[in-house]
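Next up: the structures, one after another.
One chain, chain A, links the two complexes that follow: it is found with chain B in the first and with chain C in the second.
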Partner chain A sequence: MQFRLEKRREPSRFMLYATPVAAVLLTMLLGGIIFSLIGYNGFGAVREIFLTPLTNPYKWQDLGVKAAPLIIIGVGLSIAYRANVWNIGAEGQYIIGGLAGTGVALATWGMTGWWILPLMVLAGMAGGMAYASIPALLKTRLNVNEILTSLMLTYASVQLIYYLIRAPWKDPMGMGFPQTRLFSEAARLPTIIPGTIVHLGVPMAVLVGFIAWFVMTRTVFGYRMRVVGAAPSAARYGGFSENKTIWLAMLVSGGLAGLAGVLEVAGPFQRMVPGFPTNYGFTAIIVAFLGRLNPLGVIVAGVVLAITFVGGEVAQTTIGLPNAATGIFQAMMLFFLLAADILIKYRVRRVTHQASVETA
Partner chain B sequence: MDLTLAIAILVTVVGASTPILIAALGELVVERSGVLNLGVEGMMLIGAIAGFVVQFHTGNPYLALLAGAAAGVMASLIFGFLTLSLSANQTATGLALTIFGTGFSALAGSSYSARPVTLMQPLFPVELATHPIGKVLFGYAFPIYFSFIMVVAIWYFLHKTRAGLILRAVGENDQSAHSIGYSVTGVRYLAVMFGGAMAGIAGACFPLLLTPQWAERMTAGRGWIAVALVVFASWKPFRLLAGAYLFGLVMTMELYAKAGGGPLSVIPSEVWAAMPYLATIAVLVLISIRRDASTNAPACLGKPFLPAN
Partner chain C sequence: MPYRLELTGITKRFPGVLANDNVSFAVKPGEIHALLGENGAGKSTLVKMIYGIMQPDAGEIRWDGQVVNIANPKDARRLGVGMVFQHFSLFEALTVFENIALGMDAKIPPRELEARIRAVMTKYGLLLDPHRTVATLSVGERQRIEIVRALLLDPKLLIMDEPTSVLTPQEVEALFVVLRLLAQQGCSILYISHKLHEIKALCDTATILRAGKLVDTCDPREETSRSMAEKMIGAGLRDIVRSEGRTMGLPKLVVSRLSTHKTGHFDVPVNDVSFSVRAGEIFGIAGVAGNGQNALLDALSGEIVSDDKDAVTLDGNPLGLLGTTKRRKRGLCAVPEERNGHAAVGDFTLSDNSVLTARDRLGMVIMGLLNSGAAKTYTGRVIADFAVKALGPASTAGSLSGGNLQKFIMGREILQKPSVLVVSQPTWGVDAGAAAAIHQALVDLAAAGSAIVVISQDLDELLALSDTLAVINMGQLSASRAVGDVSVEEIGLLMGGVHQSVEASDAVPA
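The block that comes next holds the complex of A and B.
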């Protein structure tokens, strides 16, 4: 019995949406087997990582809080990747967004007023956009690879945090710890469900997803992004400037990463600390792909990745699985998804001996 | 500056440059075959933990280097299978490999934190390295000489051998190479595996040459700098040598600035720590101002190969 790949006449929509689900299921199955083989309670790990966060209502608030930044950044990246603009420095733009928001919070420290939070949010988005405009400028003016520049800027931004909280922004009452003072009440993101940690950023993330979906499917902007990515020469012929598309993709993805950063610092952190870079910007790359670069898919994928984060923490305490295992499960999901991509354009045919002779 | 200090600085520069050079040489061969593997950082981390574990248990640094190479090859095969056999997107797969390598190495190394290993000793007898000039020439461990030999060997392979010609043909025009009977996928698999071995060795150099212990993400973005250097070097081995040493110099300045004292410490240490990354951007900018960098890139770089018939 032989198998053969046969090109489909057009890409399969069923496979486009079935493969992410298959990738998650395969990760659970093979992840369980692999972790069992290397001496852990593999299927216990799968249960804790993928199911416990869903079945335990006490974990739902954690899911929302973890999913929010992943969705917001993932939506931005999905728009950029659609246009073939490879911004992989979202982590850096997230950090600069968080720092810009921190700057406003510290400058207004002790003040009250409804305007402080919106100003922080604006500063955060502007910060993310400004940081993303460096790779955009270098790409459009000098054709410098945006993957490398955006990533290098991420490493640099981490050092900027360290510098600011060690010297100029250091909490004077912090007993020498490198961190800023706790934000005043007016600079903290309110929780929306009393008694939980669910903050305003959670519904905002879902809203961002829906707005992006509308923009991508119903507006000229969305059409432009999709055409430039799918058929660059047709886009040029149609009068869409490639440079303008690169700028738009970078500014949107950078601005959203900055938004996630400021929401994160004003919400869960409420001060700038050395542990602020939590790799959301990198995990959001997986979110964007798992969500098939579709904003609504990104919402679902953001929740799935949030499940693995929350579940990874559960597994750490209940069965002693090292935290790093979460990263492996996440990477496996992306591997399986990329491997399954071939099924969108090709179908697997079983060929009998006779048939293979005929085609030969 | 007195001679001893100058030599100490030189030796540090060599140590810092070597892993970047080795990893970048591997990536250069991969890219010359038309494949863009952005998983160098991940493969380096996997090589680093493999090398560390073997060094910890056997104390034999040569076995540790071999283990690093083997682990790098295994990791590169994941990338190769996805991108070459299943024609998956190379950019995304490379990123996935880096995410995987970060997680895998952290998991494998979780029980080894704060356990020291012995650094790799110089290749030549210490008597040769007593005189300052002797130290500059003979004072290093094996990977340093290996990296220099590989610069020449890869240049020779690419430009003076038939196999190198085939590899470049596959990278420049995969359809033609296919139509005259070469296995594009086969050649690219070999190149990707070579790149994996080199990244693995480069990773193993971190615990063996630089900091004799395991730390999560200990390669700290050096794999990405290696990828950038290949562009900087216009895919030419000798330029890669110059680029890697330029970076080694920048990183050494950071070490001396952090150690305190002297004119370097006027600038905050965080600025020095960010310097290699900012310098990477600077060289990428310089190279594109000087000429159109993309003209030297292998024509098929990053594009999946699908035979036309």
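The block that comes next holds the complex of A and C.
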């Protein structure tokens, strides 16, 4: 007896939505086994990581705040990946977005006015776009692989933070700490639920998801992204230029990463610090895939990954799990998801083994 | 003497389809046996079971009188079944010899293998230099590699899947000489084709399949092409109906000195191509595959934009500098040869595939928003008017059979009523019934005053369809000739073009 993969006539809708769920469940199972084997309370860790953030209402605000940047960046990446434009450098665009917003906040320091926050948001998005346009330019002009350039630019952007907060933007009252001054009131993102840390970025993230969903399913822009990704030759035949699509995909994903950056610096951080790069840009890659490159799915996936972040912190204190455990769980999730994806287009069939030639 | 191959009650079921329903027939030693049927009639499935790629659900296969179970192609080759596929599996960058050596089951020392290759080539007159790179060979020459590969195993049954679809008339004749010689020496041949006059010229017996069932086993020499075609499609065949008293209008599409640049490594660009097509005219472009047809289609559709605005004009308006979208808006629609991934997106619904080319001409876009209602309505019309077998506008293009997808694509363009339509291989791999429908639709579109360009490797199709004919060879287009004034031999020579002379000087018999 053996098993064989058989191509389905139509891709399975059921599997399209079932595989992300299966990937999460498999991650919990295998993660529990692995951490038990290396001497931790493995299934306790799984419970703390995946369930405690949901069952403990005190953790909900953390979930929202962690999920917001993941969703905003993940939505942008899901659009670019749909068009087969592999922007891996959202972390760098997020950082530049945060820095651009910081620049506006410092330039307007001590001023008041309703226009400061919107200006910061615009600057952040423009910063992310500008940073994403470097890989776009190299790709369209010189055919340089955008995976490499966008990834490497991330490391350059981290150095830029270090430079800025150590020299020109250093807090004059900061007793030598490498950080900027605390933003003034007008440059801080307001919280929307009094007494919590839930800031305006959280509902904005959900809104971004819904707008992107509408754009991807109902507009020519979304059609362009889908057709270029699904069949580049057909896209050319249909009149969609590949270079223009690369530019659009890079600008949209970079702009949204920049938006997440400025919301993060104006919200939870309220100043630029060396710890600003928190790998949201990389985790959002998992979010985009777990959400099936569908903006609505990305909203759900963003919450799932936020759970692992929050739960990972819980498990650190209660079980003594190392910080890296969170990353292992997240990576396993992506791994299982990509592996399970084959079930969308193929089904597993059991075949009875046939004997070989019986003739003499 | 027992039959070489005897199938009894072969049945094969796929989810939702009965591909072969109780099929029985037999092939004698040294017989050339045609397997005839429309696309989806179950020919390929049947052949795959004989070659061990699939196993039947029921029924038995006898080989020289013995019941056999062919578990895989290696088993089949061990029995003595050779197969030449329609699509060659050759590495373009390797030589003829290297390609053959890669495909052998047994390890044979190179020197010995080369000697055997040369022996087979001489014996059957399959002249080829074993050390030439495949990329430099014509399609006919490439096919010879596949045949030599199969013959090296001394097959007792050779399966040929649509072998002539890409050959010039002269190459077809040469192939037939080889096949007849093989048959004389006792090798049976199972010949799959839908070209009925070839089957009449070559085969001793014809087995006709329709919808998975065996319809008839007959002697093709006693049948007419028409009677076999009618058995194949199970209904009377429609002739192309041309309205009487058709007059050509003024030149509509004028192409002058159109050239493209070489892009890929093995692409053939077009060079200095000029022709004009009048309103109401069907202009055929014949040629062996790989002579610049793809570049020509792309340069006409706008996928390749010219440097010269007057290289392509429609009613005198220059289109040369415009891309596909703008050319379409001005009335020039095109259908490339490759259906999957070029003319249509397999993962998209038919509705979304309509949006691909019809969005601007038929108001499927309002201020950047897709009007999915309009797309769905139009798709429904295409499905109904062109008898596309699909569940509806929401079916994915990839779920349709090749012929049905082609009908959908042709319908999608034709119902837009373009004033110029350029199509490549409009009936490639499409069954006779669907091909007749597509041909009729093209003739009707021309009768309504459109100018039509048909690029095809199927000479019969072009002769039946076109008013004017030209031949493309190595990216250059011959002078145009009225179809009535030109002989098949002449066209064949033009199609062979440079290849023929290169071949004669290059080929090294053992």
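Here are some notes:
In this section, the second predicted complex is superposed on the first by the 352 of 360 C-alpha atoms of A that agree within 3 Å, B and C clash if a C-alpha of one lies under 4 Å from a C-alpha of the other, contacts with A are read in each partner's own complex, and residues count from 1 in each chain.
Here is the rule we use: a residue touches a chain if its C-beta (ideal position, glycine included) is under 8 Å from a C-beta of that chain, and two chains touch if they have at least 3 such contacts.
What you see is a predicted model; the values in this text were computed from it and never measured.
By the touch criterion defined above, A:A80 reaches neither chain B nor chain C.
Using the contact criterion defined above for the overlaid structures, shared-chain residue A:G239 touches chain C, although it does not reach chain B. In the overlay built on the shared chain, the residue A:L293 is in contact with neither chain B nor chain C. In the superposed pair of complexes, A:P11 makes contact with chain C only, with no contact to chain B. Of the two partner chains, chain C is the only one touched by A:V227; chain B is not.
Among chain B and chain C, the chain that touches a larger number of residues in chain A is B. Touch criterion met: A:N145 reaches chain B, while chain C stays clear of it.
Across the complex, chain B is touched by residues 86, 88, 138, 142-145, 147-149, 151-153, 155-156, 159-160, 162-163, 166-167, 282, 285-286, 289, 322-328, 330-332, 334-335, 338-339, 341-342 of chain A.
Interface of chain A with chain C (complex): residues 9-11, 218-221, 223, 226-227, 230-231, 233-234, 236-239, 241, 354-360.
Residue ranges of chain C in contact with chain A, taken from their complex: 15-16, 55, 63, 66-71, 75, 78-79, 301-303, 323-325, 328, 334, 336, 338, 341-348, 352, 355-357, 359, 365, 368-370, 372, 395-396, 398-399. Residues 38, 78, 81-82, 86-89, 91-93, 95-97, 99-100, 102-107, 110, 216, 220-221, 224-225, 227-228, 231, 268, 270-271, 273-274, 277-278, 280-281, 284-285, 288-289, 292-294 of chain B are the ones touching chain A in the complex.
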